[in-house]
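Following are the structures in question.
Below are two complexes that have chain A in common, paired first with chain B and then with chain C.
After this line comes the complex of A and B, so read on.
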């Protein structure tokens, strides 16, 4: 990857000049005196967690805030003050000189229009091209953003394209009128890592070839460090620090920036509680195949056509020793969640077997099944969806204890408050319902509930993927402590290879329902053997500098 | 972007839910009728069945606020006592289909499969007939009377509840907290009653209140047609039907029970609407 652009382009007048901008919604001030500049041809990163105001400032610059927002301060684009512009003047500017791309391309493309037409529209509007001319250019643009067979793809509808291709289409539409500034709001967050790397590469090329200035908003410092020359760090609606990318990463001045840098996946090793691998594995998966029936429509039924089932897992073998932490990595659709669901008996295996302590789990019933439930527990992905919205945190944690007859209801509540304490939640939060808790807090409640039955094996399925990086680091630290204190066997499922390799002893890499590579985490990360793993590793946006080695995270 | 931003707003602020005005107004109308019905013998100035031929067909006056009917019964007292019957009718007309429909919807939504498919076809079949026509046909077969009317309502009404609950349950079935409950080894009964049903019940309550309007109107109409409540029962529909013969000489006999039916009907309708709004608001909050 190329280094950030040389600061030489920074000479001259700023392209976008934001001076002392504050934004107020009702009584809430979401932006406080934000000032920064973007030079022509520069890539500036805006980092911050959700709620930090990083999207708001960019919407303010584009004049896209709702009318209920009160904006003070000055925004200048190319020496033109943007306050008080009428809607007609904004329309001349937006899409022409300033363009924006968003996190979820699927929701910003019109599902009823062919993508070629959608790319052509701004050119017809702003450049006065005729329909056929614009469509021709659209095809050319699709080629520029790296879409193969652009003429054919221009005739596709959005649902016929993958997530990465949709984002490319969005970019093609955004750059169609050769804008001078592109605001990219988390453009790669919803995409798989290998796709993310390609989109970032594309943005870098556009910057280099067309001199396009880019404001890249991301929660991922690794991404920003990779392609930005300057980084602005925001928190609670304020800029806490801005400077050269290298300086922000290597010598952060503000404590929050330091926390953010330290929280990046892969910066810290969580080795606490790694156990020695034993000879006899606790959990064995042998030749596991899981099939999902394909949908048969009514014509198929009448013609007596057999639907081809879809193999979510296809011949998977793995083994986990007691006390070990094993990572499962793969992109969406690779079958990693299916594996978890099969181990907790939510799916049936078509063939192959899962053994716990040498006994197959498939045919367990009654008491023995309850025994399995006590030994294997799971923490789920979506912090809000995984808790019953009508139960308080304490009730949620206490329920498994008394339902399994391990204590009466009052004693269960006592134990639940101890568990609450164990996952580092203040006792006062026990009376709250999920919607009154933050995502990180919900996830802690989910962990406490899973641990209430004192399981041996804990499966964590993407438990931090919906959380901010600093929260993610805290949850990982908590899990590392718990696995040491409780001698837990952990199966940690994630799409993020850097998280998995910093947290797990061994890693299995999944692709399309098969294991493509396995081995010690450090080895897979530093010396991947398979082409797919190499691609995964190459697409990681790790911060420069060495991984901070810590033998044990003691608290 | 993460979900972390959502609860950043103050939890205390979320707790204070602003009631839409429609709920307040509609709630007080319905509440007033319920109080009147409960205390009917105390509130009503006269015995609703006391015949007083000497005072028949008297216009509204200080003694008889709503006037008297063709046999001298006090219309006000009859309207107040009628509220008892009409409200009970709402309850008896709504509860059985609600219970049957919720149970069926819960099971068929959660387990799915062939039974679910068959039940849904049964729904389509029932929904293909107009509500009144089907109820009328069933009452016609069973014979007139309140009990048969309620049986007909249950036979026709449960499918809507079943459909409503089933749709909710199918969404909730795949949520992670239900998966977690299954994974924790809870029995199906616990998962269904403790984790699925409470979260699927909101729209049912909102619909049940609107359904009560339909039942009340049906009850009054059937009383009017002589297929439901039978005279001399002080039921609003029956009263309107009775009074309609004297509408030229004594407009008050059928007007007041009519107004009573309209006010209770509107009250229930707005209440159901408001509850639905409140629920949707809570979901998006």
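After this line comes the complex of A and C, so read on.
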């Protein structure tokens, strides 16, 4: 891996010069006096959490803000002032000299057009190529961005490609007219970690080979530290700090930057919960197979074609002792959530068994099933979707208590307010509905609801992946406290190996419905045995020390 | 191509289902089907004769085999009132209805698209508000009332258009059916406008539109190449439902303007308790709906690659 470009490139005129830019929507000022520069051939990182204005500033630079936005200040691209450009002038600039890629490649491609055609369009527009010439070049570009069988793939539609491939297509379209600046707005956030590493590698190559300047927007300081020469940290529409990447990471000046650095997953080792005492594990999963039937229409039945069921879980064995925190790691589609859903009996096992306290859960019914539901609780990924929008926080937390007959409604509300306090939410928020709460607050309500029944096992399914890093760190802090105080057995599901390794005692690594590696968390992370785990670990962007080391080597 | 074949095979099963349901329809009428067919004042002998003639005394499955066999031979029964095969009757009455349906489509689609675009261009503008207000009025006015008013005003009063009939030549048809087509179109346009307008506004804010803009596409190109095709899909499905409904649902407007179409035939047969015709028409309307849906699915698949799965 190559380090950031040497400072010598920084001499000369800036490619993009943003001076004192403010943006107002109605009465809300979303950007306040933002100034920074991007030099030719430089990779600049813009860090910040959702709502910090990092996307807004880049869209302002490309004139892509909605007409309701009021922009003041000066934006210069290559010494050309961009204020007051007409539609026609913008069209000449966009896609030609400056290009942009986005967070969610799936929604940014036109679903009705072949990807080759979509890549060809900017070239037809800006370079005056004929349709067939442009399509030929599109195939070449697809090859350049690392897509195999580019000629065939050019004829694919977006829905036929994986997320990583779609992002490569977006990049191919963006670089088709050899722009000098690429604005990348969270280009890897929606992708799996191993894919993320490859896309970042591609961006780095483009920067090196073509001298393409890149503005990389990300909430992930680890990613930025890895490939940017400079980092700009934004909060509440303002730049709080900017400087060389190494300096920002190692010697952050602003308290917020420090918070951001400290919140990076893996920075903090959480204290382990309960010492293991019991001999038999609390939860045992043996040879678990879960099948999802394939769709079969009437023609298939007619031809007597067998439906090939898809095995979401294929022979999974694992055990969790009381008081232990076990991490389940894997990429999307690896079967992590299926496991969680099978443990709470939302999915049925095709074969194998799940035992809680030595008893198989498959045949539980009636009162015993209810007891299982009480003993095993789950917290979900999306904090908003998993709460009833019509119920207040207090009602949400109280509902399971009275539904399970553990108290009457009034007493349940009393207990709920204690739980609210336990998850560190002010009592005033109890009367609010989910949409009046922030993501982190909603997730705290979700945790309180799960704990309301005093479960033995708590399953946390990607509970922080929809949250900002600082919020994520706070939620992990809370969970760590709760598991200490309540002797909780925790199954922590995540795609983020660094969170899992800092938070869990043992880790299972999942891939395509199987466990590929297991063991003590620290060991799996520092000394992975299987090729897949090694790849996962290699794609981690960890902060500590890395940047400094590399700078030293280069100088 | 594979997908077309697949859909056709699925279609056959749907059609078989329709046949069974329409067959059972007569048997689901409370009481003795023979008595129902014969009418109120028939003598016991007539009822018995009908029972014999239609094979109603045989077991149900045998009756169905005969019915299905007749269907394959293109025989869906005999009209008591007209004393002619139902197929021939439908063949005669279907043309005005088809012509009217086509006429309505021609009158309704171009203004719908134009108005939806005008409306979606600046949501909340005066033009948008006006189009939506008038549209709601258009939907709220019952078709029969509008029909009566227009035939009084333009037909009887001003004498511009005939108030009934179908005419003989193509030009005649256009002239005769103008008012019925217009009154149906006035109801249909706002429905289409509403659907297309919503889809246009939604797609104009889609992520891929921002991406196209970031690649330097002009607004005009974005609209015609990206927004409109994407917005058409939901409206296309609605359009299919409306057309299927029109073929079977022109009853009111045909009655008001005395157009000799399927709607008129349906009403007359119902009033005369000509059940074989009613059964035949029911079968035909069901088959038409399935066929129109099939065509719409094919067109959708031609536009949208995701629909080809």
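Following the convention adopted for this analysis, the second predicted complex is superposed on the first by the 540 of 555 C-alpha atoms of A that agree within 3 Å, B and C clash if a C-alpha of one lies under 4 Å from a C-alpha of the other, contacts with A are read in each partner's own complex, and residues count from 1 in each chain.
Keep in mind that, in the parts below, a contact is a pair of C-beta atoms (placed from the backbone, for glycine too) under 8 Å apart; a residue touches a chain by one contact, two chains touch by 3 or more.
Remember, it's a predicted structure, so these values are computed and weren't measured experimentally.
Q: Touching A:377 in the superposition: chain B (first), chain C (second), both, neither?
A: first
Q: Of the partners chain B and chain C, which touch A:467 in the superposed model: first, second, both, neither?
A: In the superposed model, A:467 contacts chain B only, not chain C.
Q: Between chain B and chain C, whom does A:323 touch in the aligned arrangement: first, second, both, or neither?
A: Touch status of A:323: no partner.
Q: Just to be sure I read the superposition right, which of the two partners does A:252 touch: chain B = first, chain C = second, or both, or neither?
A: A:252 contacts neither chain B nor chain C.
Q: Using the superposition on chain A described above, determine whether A:237 touches chain B (first), chain C (second), both, or neither.
A: Once the two structures are laid over each other on A, A:237 reaches no partner at all.
Q: With both structures fitted on chain A, tell me whether chain B or chain C touches more of chain A's residues.
A: Per-residue touch count on chain A favours B.
Q: Touching A:369, do we find chain B (first), chain C (second), both, or neither?
A: first
Q: In the superposed arrangement, which partner chain does A:435 touch: chain B (first), chain C (second), both, or neither?
A: first
Q: Over in the complex, which chain B residues touch chain A? Could you list them?
A: Chain B reaches chain A through residues 1-8, 11, 14-15, 175-177, 179-186, 190, 194-195, 198-199, 285.
Q: Please output the residues of chain A touching chain C within their complex, sorted ascending.
A: Touching chain C: residues 62, 64, 87-88, 90-96, 99-100, 102, 104, 107-112, 121-122, 125-126, 157, 159-160, 170, 173-174, 297-299, 302 of chain A.
Q: Provide the residue numbers of chain A that touch chain B in the complex, in ascending order.
A: 49-51, 55, 103, 186, 189, 219, 344, 346, 369-370, 373-374, 377-378, 380-390, 399-400, 403-404, 432, 435-440, 446, 449-450, 453, 466-468, 471
Q: Contact residues on chain C for chain A in the complex?
A: 6, 9-10, 13, 206-208, 210-219, 226, 229-230, 303-306
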